[in-house]
Amino acid sequence: MTMKDAIASFVHDGDTVSLEGFTHLIPTAAGHEIIRQGRRNLTVVRMTADIVVDQLLAGGCVTKLVSSFVGNSSAGSLGELRRRIEHADPEPLAFEEYSHYGMICRYLAGAQRLPFHPLRSYAGSDLPSVNPGIRKVTSPYPGADGEPEQIYVVPPVNPDVTIIHAQRADRSGNTQVWGLTGVQAEAVYAAKKAVVVVEEIVEDEVVRSDPNRTVIPSHAVHAVVACPRGAHPSFAQGYYDRDNAFYRAWSHISKDPARLREWMAEWVYGTRDHAEYVAKQGEEFWAGLAVGEAMSLPVNYGRRL
Amino acid sequence: MTMKDAIASFVHDGDTVSLEGFTHLIPTAAGHEIIRQGRRNLTVVRMTADIVVDQLLAGGCVTKLVSSFVGNSSAGSLGELRRRIEHADPEPLAFEEYSHYGMICRYLAGAQRLPFHPLRSYAGSDLPSVNPGIRKVTSPYPGADGEPEQIYVVPPVNPDVTIIHAQRADRSGNTQVWGLTGVQAEAVYAAKKAVVVVEEIVEDEVVRSDPNRTVIPSHAVHAVVACPRGAHPSFAQGYYDRDNAFYRAWSHISKDPARLREWMAEWVYGTRDHAEYVAKQGEEFWAGLAVGEAMSLPVNYGRRL
Amino acid sequence: MTATTTATSSELLSVVASRELAGKRTVFAGIGLPTLAASLAHLTVAPTLEIVYESGVCGAHPSHLPETIADAVLITGAEAVLSMATLFGSVLQGGHIDVGFLGAAQIDRHGNLNSSVIGDWDRPTVRLPGSGGAMEVMANSSEVFVVMRRHDPRSFMAELDFCTSPGPDRALADGITPRGAGVTRVITDLGILARAGAGEELQLVAVHPGVTVDQVRAATGWDLRTADEVGTVEPPTAAELGLLREDVDPGRVYLR
Amino acid sequence: MTATTTATSSELLSVVASRELAGKRTVFAGIGLPTLAASLAHLTVAPTLEIVYESGVCGAHPSHLPETIADAVLITGAEAVLSMATLFGSVLQGGHIDVGFLGAAQIDRHGNLNSSVIGDWDRPTVRLPGSGGAMEVMANSSEVFVVMRRHDPRSFMAELDFCTSPGPDRALADGITPRGAGVTRVITDLGILARAGAGEELQLVAVHPGVTVDQVRAATGWDLRTADEVGTVEPPTAAELGLLREDVDPGRVYLR
């Protein structure tokens, strides 16, 4: 499926859309296509709301954000996000805030169809006072001191669609990821539909030679999109490196609304699709992000004699 | 560390000992060494109480069993276990019974230091009536019908020691498993101490060539024991196949107490260690369980240029 | 084109079960008749059927007929192997299984199952294996098929000795709404019992050729309801038997 | 053998923090000063120290100094890469972390931290990144070290604008006993504050050479307690600085 068709089919105005990938394999190209297609009133769920979220905000796609970290990695700030939250400029942004493990537990509960997931954080934090979704349960077992024990819980999240980026999948959607695997599998299982964007679609034999590498089986996947370099400016282990210069630049680009509009006009609205975005960067640029080889040693799965 | 030293150091009379491995990589050799060293009053935690548990019972090591399946795979019955439960012969066996996912959730809660783990089973089953550990919690969020929602929970399990078998580890305990990975990682993280028995200890470079293959990092492991063929009669993917004939034979061996005693005398008490057990089976026997090659295709982890 | 006279009991049950899988996407199956039924269905009425195994294997492409749900030949060449936490949590409890196959020592009129004990739990006459994942398959699959080789009053009981895996009626009485319909089909050597879900009893919907309704009622430990029209099961066709014998289990490991 | 005059602020903080890691086994660290401190400690006072990264990396052996906690060079050649659910659930919440490093915009006398907002949460003057995993690091590490480049009253506050990551006193007041002691060391450009755990305030235990106790009290937004004997921090030795400059960060990525 093309990215255009996948976004058209699986992302609708008003949907709750999860985009996951922790620093590694961020589905940027999918975010850009959502902007190009002009989706509105989305609730975006993403642990680390970073550049792609700032861009979706700038595209006017998002009315609500569910997240545990709103910053440009360690490289600075997200200009559009800060304007939305600090000044309601150009409009307010509803923000449902959690911690990282709170978000992970929401995906776990969503994936496992649980009414809640307990976790040992939030006690004493001000976060529950601004997020009524964070609640407490009394354990039916006595605590270490023999007294009733309380614990915080978070509710499940079940996005209408989860979009992730991965290194490779077969045609039917068996998806393989290596390096940082993040929370992608849980986010996919939590969703009603899932779109997997990959660096390459490979032959069935490649996937089947190493079934433990498959982090998401085909039964959980509704569309597979081939989109090389679709995680830029983040990285794809073994394919291309992180574009740290762009992360640093983003703080400056996004700080100035005019400059941000220009950037969006040139790189998102001004490109028909990600292939054009890639071509526009130029081969020299990509050569700068190229990586060498460090191959895994094979293991023997065995064959009946 | 030798198996003898590992069992002497990490398994004590009265301990709660988890032995995991779902059909694949069952730590049989460790079980035999526990029997040889004459441990008593153990509480054994194991999802599928199968041959190795029947042997530990026959060795007089176990006063309590925590399990979700007490049978000889699909090959028949466990004679000693049935005598203990049906006739308290030669003595009663305390039995704490769960379902498979109940056991998994107990390990998950233990590994995550949670007071309980919720799950969507047990409603309407007679199991909670014979196991007071299975309780209910009311969710702090309304259910699908807007009414308060109840869910069953299980308590954490934190074994004194978890023993697992794996294909390989490095000297410091980074453990790699492929094929069925079962519940081993959770069982190790739930335990106060962990012993990993492996087919082979490999060079650091082997493990580090594929860090996603490491299911248990060294910080969770307290001893690594090299013990080739230590999972027999179960199998080690890529190393040797399952001894289905022995599974079928066990129903007959264990059904007859005299025959069972003879088997134990010959194969457990009569062998000094697992190397002797392996040698006693003979090379022809092992040739019958040999497997051919089906190598995984390597992936590129990438190298900074 | 029928070949009833040559079909063994295993073949009959496998073929009848396979037809019930028409159009299904995912089935949770143990080794034996359920795998035969699912494999045959894959070749006939459910070309996109995926068998998910309790051991964590999805999309197996075994080189040989597997002897256990964790057989090494299921792993080599599979599309995915998941941890048990993911398999039971995200796949099964997460609601990805259309049909779960279960066996049992005892079944009652609502499709509740006993695989734990004969007699009292505390000091049973026979200690059976217990739940394994059966309780989870029952609670979380959209529906459950049960295949019983012997339809007799010792297995089809008015009162179970112990309820291991409860259907939705018992779950609802316990205050909890399960995802699935519970047992919707029971396929036996005498015929097919069916129910749609919560609130319903199993009723006889079809008998095998030569079997009478009275025979089935006599073999059932409760007052078995019958459908307004009890059909006759279409015997296995030569095509079905051919696929089963030549493609699914050529070594006749399970087609005893 | 001392070389104080040549140590930059980053070097000073890294060296002082590294010494506090003596004998520790596992440290949860972000990129920057915490990694420098941990890497130096690994070469000096804590030879078995393992750095665990929020991204899921355990036992990294990077070919280059990493620029982020998820830098590709941390993954290639690592001993293990875990999913975030395992990292946060089994490793961190499971209690495997001895020392967590945290930063913050604001800290109070009990070591509670704010990394969420300046001003009101609803309409903040400055929206900061938020918790990330900080709340979990605080609740679950045995103890937490905080490195603050600038010791001033805008950061060391009597009342936080918002408490993101609470220490044990606030958790206990909320009815829950956390695993860890909370912040036990705060290392700043002026000296070292310390507390043992629940019920205690941070107190000044040492100052850098040339810094007075009054200077530190003036830079602190609450009435800072001081230890009975306030020591003087031993300046970085030539050996420590040599290792830091030549082995840990030869490219001077963080040693600005």
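Letters are used for the chains, namely A, B, C and D, taken in the order the chains are written, and counting of residues starts over at 1 for each.
Going forward, contacts are C-beta pairs under 8 Å (C-beta built on N, C-alpha and C of every residue); 3 or more make two chains touch, one makes a residue touch a chain.
All values derive from a computational prediction rather than experimental measurement.
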Interchain centroid distance [CA atoms averaged], chain A/chain B, Å: 36
Chain A and chain D, separation of their C-alpha mean positions in angstrom: 28
Inter-chain centre distance, chain C versus chain D - centres from mean C-alpha coordinates, in Å: 57
Between chain C and chain A, distance of the C-alpha-averaged centres to the nearest whole Å: 39
Junction residues of chain C, two or more chains touched: 57, 72, 75-77, 81, 89, 93, 140, 179
Per-residue overlap in chain A, given as positions that touch at least 2 other chains: 108, 112-114, 119-120, 143, 151, 179, 181, 185-186, 209, 212, 237, 241, 291, 294, 301-304
Pairwise touch network: line, ring, star, complete, or other: other
Chain pairs that touch, as defined at the top of this document: A-B, A-C, A-D, B-C, B-D
In the complex, chain C residues that touch chain B: 30-32, 54-57, 67-72, 75-77, 81, 83-85, 88-89, 92-93, 112, 116, 121-136, 138-140, 162-167, 169-179
Residues of chain B touching chain A in the complex: 112-120, 135-137, 139-141, 143, 149, 151, 153, 155, 167, 176, 178-179, 181, 206, 209-210, 212-213, 237-239, 241, 290-305
Chain D partner contacts - residues on chain B that touch it in the complex: 108, 111-114, 170, 172, 174, 185-186, 189, 204, 207-209, 211-212, 214, 216-220, 301-304
For the chain D and chain B complex, residues of the former touching the latter: 25-26, 50, 52, 57-59, 61, 63-64, 72-73, 75-82, 86, 89-91, 93-96, 140, 179
Complex contacts: residues of chain A adjacent to chain D: 22-24, 47-48, 67-71, 73-74, 81-82, 85-86, 88, 97-102, 104, 108, 119-127, 130, 143-145, 150-152, 179-183, 185-186, 235, 237, 241-242, 244, 291, 294
